């Protein structure tokens, strides 16, 4: 399933071999930064990456994530308004 | 302790490789006849040999064994006579 | 006198070495009554008219032998106490049989034995008889412990899965999957590290407290191997009811969730060693929940669902996302899914 | 439905495969009472005033799993019955916990289980609860079985090694070392073949017959690991008496002698699985011996020695050759001596 | 869990479901004449069932479960070869847990382990390499399995082994690529698909352009999607939008993870270590041209096929692909022509305990997912 | 048991004991000034204690237990080398059970097995060779241990391996010879021995003439004896007869098994496979010239010392023999100058469970035999 999971780079364990510690909900695992490192490995501390089979395969683009989420949130808010309206309507009808 | 034990050759298991079955009190084990075979392995069927670490190391010389035993038996009989005499003597003395 | 630092086959051979091992490592700590081949026991509760004797056994094979939150000895005592307790029995006596791999550290054995003795004492149970066997290197995985428990079920008490009725409320005493997740991480072959600890605990006192507060408890199970899913399926099958649980209220630690995401596992199937699920009539549910929450081993207790009339024998879950799915028995072993 | 011919880890994983294995292989044959996590038991003998409960456990790890004269299941049932019986207890119930190595044949499990059920039935004992665990290939040696027995000691009965007095007569129920010798040969790594069969047998009925004929029996032990030597040393130590046995009257099969000669072993240290040694006051010795000899599992019974006042705690043997030697506990394991 | 929990919000889901329903209605989709969207990736299939999306979306939307589970499509012959290698004395055979249950002619890796082969589950090819460092007297073989998502990790591991000169490590390479089977599906005259959900984790490596042919050559919309339920629903909506607007394009719903051109380091490592095989067998689909990778001769020292003389080209290896098991309808299910419960074997001869076909093997196979989450049995009741 | 039980008849024993007593009296032997007869062989030591002969013979006869237990005299360094070999990956190390408990500097083979080494007990070197046939991926090493009785079996096994071309079998050779240490004992100025019981099973291979020097050069009687109690008593009597008659000859009590010139096949195999080492270390006795055998270069492929680079001449091997353990009196006991219970360590620091010296290691060691059969403790009570 190409199981990939967002994890945060919390430590550099072996800079020469580009190895770091990634954390997912408190679970830590050593991963290779090879696919995502460009400058010094330390620069990635605190960054989130998509972790797959022990490699940080892709850095997560926080802005893109926020953009997608914002769109979804807008949808959700619109939906809540709709639902509230529907509930109000139903209540009115029930009272009638 | 160079544990060696008299066993009887009861079967030839692999004539080409000089392997036979030796039996000690009903316990059977494959042994090599290499040290003791001269003619055909089958000639040794029924013979007794000194068995050590899976080899028939020496054929037992039945005549020599009988000779040693006879000497020991003679000693034993002499001893029994002596013991009987001693017992008789003791009995006589006890009665006295 | 036992001089060896590691167990050898001699310690299982029936000779002096074995006697030394047994006397110094085991009986010195367990202090069983007498030194005959069998313990000889009496308890007034057993002779009360209508009382029944309860007996259960489990083998324990956990790897690693010591892990965050416990060790094989602690599980061996707790697991068997729990199997008695979930039937409403008051645990009285345990036996403990050890199968030890040649090369096992004597110091490890001492730690395991101390852990068993402490756990038994805390639970008010005596380890009355035992056995040790030593097998050659490679013929066992360090140490296996089999415990058997004998307890007494007071007259009139009858917990049984078959008694669960539609409408009964399902309660667990704490977070799910801690043991399975902690063990998986502790094993090290997946190189995952966490702060998780096994939930390993004896639940005899908890069960007594719940039964005092909610005498109508229908049935209880400890959700060990196969996790909550196995316990619920077994109960649904035995009672001929459906069971519905709600994903949103399942108590789950963040790290257990994380580990499951990383390895493609389902926490409903992770093993527990100190987690029970019980069914109570709805009117007693608040009392049962409160009685649990009043004890440390029930601090995380939660109502997680209920028995239903629909789909007898089936367990279903309302997903967080608003869908429904069947929670079946595990097929085969749960394997990490990665690629 | 169980389709596999070999056990895999899935059969221990807590899911459907495990349920199938347990139901089809174990509970279908043992037919335990109920399917809760613990057996719930009653027996009128337990509530007789003065009756005591006896409890004992043993792990069984024999290699090979099946051997001439028995299998691990038969020993697991007989051994635990015997540990109850030698204390004067009437065996009532057994638990059985299986630790199974991945790859174990299901057909082998079925044979072992059938053998246990048959042996238990013949002995009048019920297997009331059990457990199965599966461990990875290489983490166990095929199959381990741990049984725990519960029995009842009738009021007034008190067999204990500490009760042996100087002058008491030592009796064994049959030839020594058959099990140890048969197993050694059956293992095959020394490439020895014999017609020997293990003496594996349940001795509950034998003990009842002896106790009926000779109620003054002081103590009994089954001479398992460590052989007759271990049992006698243990008894001499507990009673503070000397024990003297006579090599000339020890029941020993020719093949056991032969195997011991070949491998430099001492038959006094070979294991038995259906051989007990008991001490009776001299006046009851003929009755005890006759009661044994009247049963098939005591047909080879013999008086082998007696307790003495001299050298308390020490076991000595009058040798065939007229000398005397100390029969000590085994030091370490008994290893073949060859070179 | 950051970047995961946020994408599971039920309120947003309801909104997406409402928009999807509206679009479906607008397009005239009905249960009898649905819009068929293939999620290519097994991970997506799994998420659809785990969250019950198939039952939540408008009844005019039908999910067709594609061939994107590398475990499901692994052919018998390759499993047999795994076991052949694993049973060699001195070999430690390492694999992801996913592959343990896949049946070969001589049973699965689980069965081989039960027979005594030293087979270990690892989380990463790096763990296999570490085993090789620690067991110099053994040959450690890693079962390289997976699509483009996983392929770079194996390539990077082989490069590391070569750099360190580790002589007792090799990879049994079964890496396959996503675009080729999609082309095969699209070329099928019985093709019934209206659009695709693209595997986001594959695109995080290869980017989105390898799918251009789907839109350009076959005129079908494709949206590269993330794995959370909102990702999937949003992607479904994006596909429907394209259909409604008469467009066919490659769109990227998963921009937080997927760069348009993929990951250059991973692509370089793959190009360095692997070359395309002329063809590779897929369970249920047969041989597909240029759909598999093999290790280049320069890295032959790390190629288990070369080291052990097994695999394509080995003497005695049957040339033709394994025929599908009798009564197995995997091909029809995988190409969207049949739903799993319609297969005559489903739940009878074929269950996750005793899988007959590819799609029952992995929990990401469509049939297994139907089974596990009760879609089928609940429907049957 | 034929050829065994007959030689255990108590009546004949009483007769022999009476004759021995008469001879001892005639020679004026007393407990304080005994006639000291060394049984060279550990098998004889064992039989003496098993049947209680030491307590049955006239008090003027004292058995001195010689160095003829190959297990007792195995030096620490060789045990260490066994373990070094056994711990190599891929090695199956095979040995007679006898050697399992002998302590080296890193503990015994039992301890090494408990630490994980693959060490197996066999009954015959042929069984080790069979293991090699069945485990072609492993190197099977046989621990060749013993005197001339056992040496031919190892030689014949090596010849068989060479004939069959079995490449994964080798022998770690520790075979030693009986005559050389006897000469060392006899050359000792503190020597107190009056005669010898010769090891019958050694002579069944080498015949009786290798002992000629004992009679001819040192004027001591020696009788080659069988292993049953009557054999031993008869041999004692024959030694006493020689003393009484003022003779010193090599006599053969064990003619049913021992041919005067030994076994030609065995002698030829030994000559083919082995050559003498310049010297070899004996525990408790130190280095003895020409007392050990090694595998000839022609059979180097079967020589574990050559294959693994261990043993005499290996880099880093200490040249000097191991000093005796602190407080150990084995040298004095083995040369007949001290009885085991007189050793300050006996039963205190040194027991069969935790042997300090060589003679407590094997149940054929004098100290172990004293301990096991209670001679010492019974005497102490």
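As written, the chain order gives the labels A, B, C, D, E and F, with residue 1 at the start of each chain.
In the analysis below, a residue touches a chain if its C-beta (ideal position, glycine included) is under 8 Å from a C-beta of that chain, and two chains touch if they have at least 3 such contacts.
This one's a predicted model, so the numbers in the text were calculated from it and none came from an experiment.
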item	value
Chains in simultaneous contact with chain A and chain E	C
Residue-number overlap at the chain C/chain D interface, same or different (half cut)	same
Leader among chain pairs (count of C-beta contacts)	C-D
Chain whose mean Cα position lies farthest from chain B	A
Size of the rotation, in steps of 5 degrees, that lays the CA trace of chain E over chain F	180
Averaged-CA centre spacing for the pair chain C and chain A, given as whole angstrom	36
Chain centre separation in whole Å, for chain D relative to chain C (CA means)	30
Intercentroid distance (Cα basis), chain C paired with chain B, Å	63
Distance from the mean Cα position of chain F to that of chain C, given in whole angstrom	56
Junction residues of chain A - those touching two or more other chains	1-3, 5, 24-25, 29, 53-54
Shared-contact residues (touching 2 or more other chains) in chain C	8-10, 16-17, 136, 190-192, 254, 257-258, 261-262, 264, 328, 331-332, 337-339
Residues of chain F touching at least two other chains	1, 4, 14, 96, 98, 110, 123-124, 127, 146, 149-150, 353, 364
Pairs of chains satisfying the touch condition	A-C, A-E, B-D, B-F, C-D, C-E, C-F, D-E, D-F, E-F
In the complex with chain D, residue positions of chain B that touch it	1-3, 5, 24-30, 51, 53-54
List of chain E residues in touch with chain F within their complex	89-90, 136-138
Interface residues, chain E side, partner chain D - complex	110-111, 113-116, 353-354
Of all residues in chain C, those that touch chain E in their complex	189-192, 254, 257-258, 261-264, 311, 316, 319-326, 328, 331-332, 335-339
Residues of chain E touching chain C in the complex	1, 4, 8, 10, 13-14, 49-53, 55-56, 70-71, 96-101, 110, 120-124, 127, 145-146, 149-150, 229, 351-353, 362-364, 372-374, 377-378, 381
